[in-house]
Amino acid sequence: MTTVASRFQGVIPPVVTPRTADGAIDVPSLENVTRHLLNGGVTGLFVNGSSGEVTHLTNDERDTVLRTIVGVNAGQVPVLAGAVEQTTNRVIEEAARAVSLGADGIVATSQYYAISNAEENGRHFRAVAASVDVPVFAYDVPVRTHFKLPTGLLVELGREGIIAGVKDSSGDDVSFRQLVLAARDIPNFDIFTGHEVVVDGALLGGAQGVVPGLGNVDPAAYRRLFDLSVAGDWAGAAAEQDRIADVFNIVYTPKAGRVSGNAAGLGAFKTALMLMGIIKTNVMSTPMLALDEDETAAIKVILARTGLI
Amino acid sequence: MTTVASRFQGVIPPVVTPRTADGAIDVPSLENVTRHLLNGGVTGLFVNGSSGEVTHLTNDERDTVLRTIVGVNAGQVPVLAGAVEQTTNRVIEEAARAVSLGADGIVATSQYYAISNAEENGRHFRAVAASVDVPVFAYDVPVRTHFKLPTGLLVELGREGIIAGVKDSSGDDVSFRQLVLAARDIPNFDIFTGHEVVVDGALLGGAQGVVPGLGNVDPAAYRRLFDLSVAGDWAGAAAEQDRIADVFNIVYTPKAGRVSGNAAGLGAFKTALMLMGIIKTNVMSTPMLALDEDETAAIKVILARTGLI
Amino acid sequence: MTTVASRFQGVIPPVVTPRTADGAIDVPSLENVTRHLLNGGVTGLFVNGSSGEVTHLTNDERDTVLRTIVGVNAGQVPVLAGAVEQTTNRVIEEAARAVSLGADGIVATSQYYAISNAEENGRHFRAVAASVDVPVFAYDVPVRTHFKLPTGLLVELGREGIIAGVKDSSGDDVSFRQLVLAARDIPNFDIFTGHEVVVDGALLGGAQGVVPGLGNVDPAAYRRLFDLSVAGDWAGAAAEQDRIADVFNIVYTPKAGRVSGNAAGLGAFKTALMLMGIIKTNVMSTPMLALDEDETAAIKVILARTGLI
Amino acid sequence: MTTVASRFQGVIPPVVTPRTADGAIDVPSLENVTRHLLNGGVTGLFVNGSSGEVTHLTNDERDTVLRTIVGVNAGQVPVLAGAVEQTTNRVIEEAARAVSLGADGIVATSQYYAISNAEENGRHFRAVAASVDVPVFAYDVPVRTHFKLPTGLLVELGREGIIAGVKDSSGDDVSFRQLVLAARDIPNFDIFTGHEVVVDGALLGGAQGVVPGLGNVDPAAYRRLFDLSVAGDWAGAAAEQDRIADVFNIVYTPKAGRVSGNAAGLGAFKTALMLMGIIKTNVMSTPMLALDEDETAAIKVILARTGLI
């Protein structure tokens, strides 16, 4: 299905986790989202990431989600699974379960809650990688972990074959570019941006792909943007990016302060998917509030003007 | 054994978690620490807290630790158990297991990793409290969770009987004092400082007790300090506090940058206990380094001059 | 007037800077505040500090303020003047002008705006101290400068006679206590807390005094609290502190988000002084808003219940 | 000299401020740098910015710097002058002096040291703009001011004609792209990135130019990059950007912790210019250290391999 050379490249959305009205995992809706993404041309699936509300899921729920997506995907594209836990031994437990359920790669953050440092996180990734026989990606998300993975450490881990790449949600485009440059000669080292609205610049700078939460809503647009970049049509890529940036405005529809930052962004993705008929509810994991009627109406306007409904 | 009026008052150290040389939970050493604390006159035990490396423990390890301490304690003092997880549903799972293993109260932080807000954390504590039939304490530790629990929320939750008190490790003495004043008329609402070296001032300001990591090393000193404050001998309390502050210098012995902040503080407590013959090793949870020979020697000097060995 | 041994001890409020309705420095009101403070028994005056809106004043305004207060004081108590600027050479210029206008000591922060470090700030204080022949105090206010002066540096500067003491507004009571202990043997080294509601604990721990913004409103209360601590009546000091903490609630009266943090706190002090008839307006430096009628009414209630009007 | 349509577009380096061995402003060296920049094809000059060590300069020094550069430039390209001060009234004083000395536009940050908010900073820019008759640019540099200027405020100020554009050093490429999109229909509103190594992506996204500190060292490279982007040769622009990113490695040559972040970056620019024979020394403003021999040697290697010496 993909035209790209490496296994983990292109558009790999972090799949949202739909819930039923009474708060259970909504398996049929999750199957639907997965099909929607595959139909949109994604080149991979990232399961149990932040956009999948992974830290809000119990272990049983995490397994249900991964099992469901692996089943629908049936080997069409590679499946990356988050092993998102506070510390090494807990990540190792998560990673083992994910691999046993069919994950083709593991995504792990630095430690959090723990007050850690670079050396400790180096040992952390080494221990995680030693515990599984699939590729491990480092997920750099300091807005959540409050630790920025240093470029030097990531390059060192890449060069030694500990990690196979990086999902960068650091919001730091300077260090992102420097990582891309420093890792350019590492074979099969793949760097993804997690920021939905700067993908054109990231690809121009040499990134291998994108892990966009908004890709749940409009996977085809990200695939078009990626294909334009592969074709060298950068003006076209920027134009597609600008259109996508307008869709991204759905995350700003929640009324100031009514819901948390988490619930605003992820809630907007779910609400859009609900309006598009792909999932049944926009219910969030406890204790997050779902977007309300007004906020849903505002999202509807944006989806309509961008041609998504 | 305690002479204080309320059930959760006085000196309630967060018990460290000893490991064997090969990294397993060292149950006999943990039993020894527990006896050391009870002999030192502590009025409660806080199990599976940050100083117990809770987020570094697997669920099995957490259960082993709690079961061991509950066994040795045998009802002598109340046992608080940390249910320290990222989000509500995971905290509820932890809390249920802890209560089933004999915890007399639960300690939970705000959500972390999740980008949360005050309202969401209010619902978080309500849901956790509704799920157990023992008292729930809020643990305010923004240096780890990166969310400061607002005084207004804590008072509201206390007044409604959702939480029974607060363990404050916020490092914000202004908000601490304001919490004490605002909660003064809430019956049986207990506020503890988590900061080892400002206990005299906290008690003078009206706090009910202290949860000192350093209390693992010198529980009797904290009990003396607490008793002096109950007796109104504030100059005596301050003098005891100053002596304790000297013991606390053990946490500054690690060479700059060699180990993480986590490993420095908790490692110093473990190293001191090892030097005092109470636990067998100063091994830390992966990927934290244990303090080395030089650092151990520096701790020995401090323990000697403060009369602990 | 003071009964304390050292020159810079006790209660040294940072004097507010009243403005007329059209925004000029209101000299008669400033004279009145100064008399109000001296009548309240303060043991020193801190001019051109954060509470005096120093960074909002032009150089001419700073000079007017200092000249006015020095004139009214007429040598009754020592006058400390802030030389609050971003970098060394600019602080040196400020300090020279302040000394020429009669300051008995200089108060300087770390550098700010500049991305500095400990070594640089060490050289900063050395250069400032070398440029004047009056004592220099370090003002540790990381909430504004975004740099915490390390305890080790402060002690080193104290021991070498570069600085004569510290005004601590760090909000970090742990490092405050450690500073007090580490500097205990430095002759005439004076440490002040800048936090209005934890003065009893700070004095119990060994601090030499307090620089309370709220001292503009109720200087006599701080003097009573200080005298009780000198007399060893710590329960009395804590009771006075609790009463003061209620007065401090005036800073929380501004409606959420209507004014900045700066304008809320300083505006409350000015509004209280206006209600007490000591200054004419509660006008703030541009672009800060003055507290409005509702907020003023709320402050009036607090002043009434605490006996200040 | 420029081929770009608008007055403030293209490459506008923040000019460094050379000092003599004894710390005075080195006027001949400053003249030389200015000629070096004009010869390199810059389309504007930004005087008294962070890279010019503006907050380390006394007022007299700031005036000397501006007067010198205006003199050499002699109207060839527009000159923007920083009015970088903590608060409104002080910025207004700086802006007036700069305009009187020939500045064609003013660059001002949000307030700092003051604990401000969006509304206050809105009034701040309105007051500054009202005080001068040249264009005012907002300089968004939260790493120094610790306040991120909100996109909504910047767009509002642009739409009302208060500000003529933004120099963005926020390190937040998501908000940068959103600002570019939101301001696209404001006539003559110019947005510059301050980040040296992501200029290709910024221009692809629609920015009008760049204000690169590194542009002091290699102005011609930035001009080539800009011209390639105007010509739509994005692959060429990215290749030039990658070469520039290698030059940028000079800022990472200082030994860890030896000098401050400020002194590392600005010191590297000065050291490179010294090695290139354009300025006489790499002396920094007090209390910053100059780069040492080893660091200078490391910079020499980078300059050699990138063809700059």
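For clarity, chains are labelled A, B, C and D in written order, and residue numbers in each chain start from 1.
Keep in mind that, in the parts below, a contact is a pair of C-beta atoms (placed from the backbone, for glycine too) under 8 Å apart; a residue touches a chain by one contact, two chains touch by 3 or more.
By chain, with names taken from UniProt: A, B, C, D = Dihydrodipicolinate synthase family protein.
Just so it is clear, the model here is predicted, and its values are computed rather than measured.
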item	value
Reaching subunit D from subunit B through chains that touch each other, fewest steps	2
Chain copies touching (subunit C, subunit D) - same or different residues, decided at half shared	same
C-alpha-based rotation, subunit A on subunit B, 0 to 180 degrees, nearest 5	180
Averaged-CA centre spacing for the pair subunit C and subunit B, given as whole angstrom	35
Multi-partner residues of subunit B (each touching 2 or more other chains)	none
Chains that touch, pairwise	A-B, A-D, B-C, C-D
Residues of subunit C touching subunit D in the complex	50, 55-58, 84, 86-90, 93, 111-117, 119-121, 123-124, 127, 143-146, 257, 259-263, 285-289
Sites on subunit C touched by subunit B in the complex	171-174, 177-178, 181, 195-198, 200-202, 204-206, 232, 234-235, 238, 241-242, 245-246
